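Look at the two complexes coming up: subunit A is in both, with subunit B in one and subunit C in the other.
Moving on, here comes the complex of A and B:
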């Protein structure tokens, strides 16, 4: 249990770093604070997908196909709308198609035993290319104004709709991971798949569901991005998966599975997203921004590694203050 | 342990959708009510320093760096505080994110080369609503998302200049020509090829287009496509590639096959890429608009738009740069330039 406790603490750490970042950025660039909420619209789909990616990674998997699923479901929505369907119905279908794409990922992985990395890399190619072909290499646009409010609207004049959706989903996913049997099974599988299987957990079903959720959020992100950009393109989701995974890892989700929190992943995305917005304000070039992101990723994961090793050593030496008590190593039943 | 919480979650998702739908009925507005931008009320910035964001399709590309050099060279004289930044890949969504930041930060003018004509529209329209002036350059958006488009070259200008280079070289001799384009569905390429065909039909009946091949945006494909042209159409004496990937690839292939001087290669590309082939004599002349001037003109338009002195149609006079035609919000840079060895050595983009 020590390991997951450390990762729970990590999420407090990441919130603290996030708040520190807010203070620094607001003091350096005066207009930053007054534009804080509207700026989140630029990266909320990343956050939404990071929630389900957290479950996928905790269960020992990875989903590289989400960027392509974003494009694919977005294009499907656009095409259905072009053929006369109501945009909201088309959007709902697009979300479900995302879920179907996730289901296919899950089934490939649990039925054939293909590594998630390879299976979802393959479906990334498939959905991504289909999206480009279906959209005829152009964009579909002209959606009705009421639909555009999903991605660009403000609730009560100050709360971005996208942010509201993200917060509600984050609460749902946190509940799902921490308070439901499904969530505990996800963690269990990530810690030891064989032990979970012997304990009667339907491993295949739980794993498939993590991919279905991942597909659903990718589909939803496709719809939201279609609304935000007032158009859909076959390449609109390209590369998003890596940004999502980066957010999760910075947020303390263990890439080997078994540990991670929704709060951590959510603030991991907020931390990186706000940093990028702030650096734009400070006229830092995109290349330098990418370098900074790389450094943060390495630092975050390195600190997590060291923290885990330290926690383990402390446990071995028997408690508080590792060095002090080394001599009187007590036997402890845990 | 046997049930999983998905039923509960499905219910929750439905509730969420309902919340969003309900919210959509009443409380949702299209822009934040607290508007923090002070520029909105001011119509003219005459005599004041203005902040201009010059956003290319992507940074780190010689073509766009050339435009930046041009823009920087005139910014100070125009009293412009210039920021040049763009995405690292050809991403429309990264451009939107940048546009939003620049608007929030209080820039006066946004000048963008759009990665997509429609995806940028909502962000640019929102910017204009807040009083920010929006111009596009190099690559346009839908017309209602910007005030002016600085058009580097017209379709006819490019098509006719490319054909002229070949026609001038062969001086009335019967000549078979091949075209190396990028992809069959590329709108720009197809428009230019149509313009080339039209110029040939109107003015140069001695030129005959024998084949159109494609490089698919890949240098290696361009090299093998050129080899196919040479082997499959032995009468072809000139290759025109209106594509900056295709032209160096065609030159590379001609060089590899030892056909320098036997096959005339020309097209559209940047001087830095073409220097090698111009220096060794494979290519003598090629075509591109003056990218430095494109950057300079864009800055002048930015200044004039901020001052409120930019005409939507007519002539736009720029001291030291020339007179430019403006048609319905499109500012024309004029005919593209023909680059020879001297010009290639002179320009660095």
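Moving on, here comes the complex of A and C:
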């Protein structure tokens, strides 16, 4: 009980830190506030993928393949368009291809019982390599202007389309996680896979669906990024998975599964994204930004860990917290 | 099991002999398809190319046996190459350069170890964080430049050939393989590493200092990465800020193909080496047949999947029999 409460409170903490960050950044760099909304266009795909990654991690998995799926579905869209297909139809197909990639991940994981980390690492290699091969190591560009509005357009002149998509999806995912049977089953499985299996939850199906959602959002991100950059490349999604996972964990999603909120993950990504935009304004190189992101990631998890330890001490339950979960996962495998 | 199988059967059924058989089969196929592939020069080239990954993978194996994972080994290795290179370029004596390079690797490993064992943070997150920290530091060291035109002393270290034809990285690899095998199989700390990976709770109850064992595993991984880094830069004579990028994935792949279980408690240095060699031969064959290098990763991914899935299937069959 205490543990889930701690992680729920974490998301409020993240919102507070985010607001604090906005105050600091806008006072340091005056231009920051006036560019606030347009800046979000640089990292909204990461936010969209973080929503589904939250479900995957809560259910006790991880998906390292999303970066490659972004590239793969983006390239598929470009190729279909090059061969005369309407760009919107091609985009829709690309999203579905992403879902298919997720389905394959899910099936490999639930049918063979191999670790999600290794399975999605392997599919990351495969999709990434196929994307580069299919794109002939070049880029595909020249999409029609109406399509480019998806990534660069503004509603009512000031609301970025990407931000609107992100907010709508975030609301959908929050509803999915909190108010539907599927969402509660995801949390259930993350807390204890064996208990949920004995209670009649179709664990394999729920887990597969989390990966399908992950693939679908990755496909969508590929389409949006293709629109934003006005081109697609075979390596355009490379390394995105690490940023997405970092955002989720900063947002308080428990890496051992069983706890996490969509609000937290969304603000985790916003926190990191705005930080990197602010540092760009201050001319901090992207390599130094990588160092800062890494430190933030470790700090976030360290604070969570200390928080759970203190919560446990206060309750004197004598459980093992994260360690217990780890032990349980091992017992399941053996 | 009723009767214990004989030692011969145990060896025959082991992952290592399966991989060895597979490697020999691949070589045989290559021999039939094109005899020139098997020239001693080409084989030694393949071995030298995979030596760096194999050394890094040996450290990764020890970490995975403790049920951990280290995503920062590639970045550590790359960081060491740049430290070594830029210190050597600035005229420091070779002994100082190597000492500092070792220190960099050990400190990087120790930082991972402290965070994971003493603060009990999840390994994948910690090393994901340190991966970006260490690779960020790489750019800071040289401001994004390459290190080339290294002094002769360092290059001599890398150009050393045993018996006139075994390159230095391969020699180092063989030495480290022997040392780590002896360490894991016959030393008490080595057995503790398996014990912790197999069952942490019972290892703790039998009086093993879990924290120290896990800490030492990451320390060793940092040390191995440092060795790989020093010999990489000494052998190749240059390094770039992207050296070691994605090497952690190759290292994990080699370990997993070699039979190291990501759930801990299982794996051998020899298996990892054979895994690295198998990957090396497959990618070498791709190059040999002029298949574009962009296919490498796809093939690697398929090999990993095949290895892990067959492993899981075999495991299920064995447990069913019992």
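Keep in mind that, in the parts below, the second predicted complex is superposed on the first by the 316 of 334 C-alpha atoms of A that agree within 3 Å, B and C clash if a C-alpha of one lies under 4 Å from a C-alpha of the other, contacts with A are read in each partner's own complex, and residues count from 1 in each chain.
Rule of thumb we're sticking to: contacts are C-beta pairs under 8 Å (C-beta built on N, C-alpha and C of every residue); 3 or more make two chains touch, one makes a residue touch a chain.
Being a predicted model, the structure only gives us computed values, none of them experimental.
Asks: In the overlay, answer first, second, both or neither for which of subunit B and subunit C A:29 touches.
Replies: It touches subunit B, and subunit C stays clear.
Asks: Identify the partner contact of A:183: answer first if only subunit B is touched, second if only subunit C is, both if each is, neither if none is.
Replies: A:183 contacts subunit B only, not subunit C.
Asks: Please work out whether A:133 is in contact with subunit B alone, subunit C alone, both, or neither, and reply first, second, both or neither.
Replies: Second partner only, subunit C.
Asks: Go through the superposed model and pick first if A:123 touches only subunit B, second if only subunit C, both, or neither.
Replies: Touch status of A:123: second partner only.
Asks: Which partner chains sit in contact with A:100 here, subunit B, subunit C, both or neither? Use first/second/both/neither.
Replies: In the superposition, A:100 touches no partner, neither subunit B nor subunit C.
Asks: For the overlaid complexes, name the partner, subunit B or subunit C, with more touching residues on subunit A.
Replies: Here the partner covering more residues of subunit A is B.
Asks: Touch check for A:285: first (subunit B), second (subunit C), both, or neither?
Replies: Both partners.
Asks: Which subunit A residues are contacted by subunit C in one complex and by subunit B in the other?
Replies: Touching subunit B in the first complex and subunit C in the second, residues 137, 285, 287, 290 of subunit A appear in both lists.
Asks: For the complex, which residues does subunit C have touching subunit A?
Replies: 67, 69, 115, 119-122, 124-126, 128-133, 135-140, 144, 199-201, 249, 252-253, 256, 262-264, 292, 294-302, 304-305, 308-309, 311-313, 316
Asks: Going by the contact rule at the top, pick out the subunit A residues touching subunit C in the complex.
Replies: Going through subunit A, the ones touching subunit C are 62, 108, 112-115, 117-119, 121-126, 128-130, 132-133, 137, 234, 242, 245-246, 249, 255-256, 285, 287-291, 293-295, 297-298, 301-302, 305, 322-323, 327, 330, 333.
Asks: Quick check: in the complex, which residue numbers of subunit B touch subunit A?
Replies: The contact residues of subunit B facing subunit A are 1-6, 8-9, 12-13, 16-17, 19-21, 23-24, 27-34, 36, 59-60, 83, 85-89, 91-94, 96-98, 100-102, 104-106, 116-122, 126, 142, 185.
Asks: Considering the complex alone, what residue numbers of subunit A touch subunit B?
Replies: 29, 31, 34-35, 37-39, 41-43, 88, 92, 136-137, 139, 141, 145-146, 148-150, 152-158, 161, 164-165, 168-169, 172, 176, 180-183, 185, 199-202, 205-206, 209, 216, 225, 228-231, 233, 236, 238-239, 276-277, 280-281, 283, 285-287, 290
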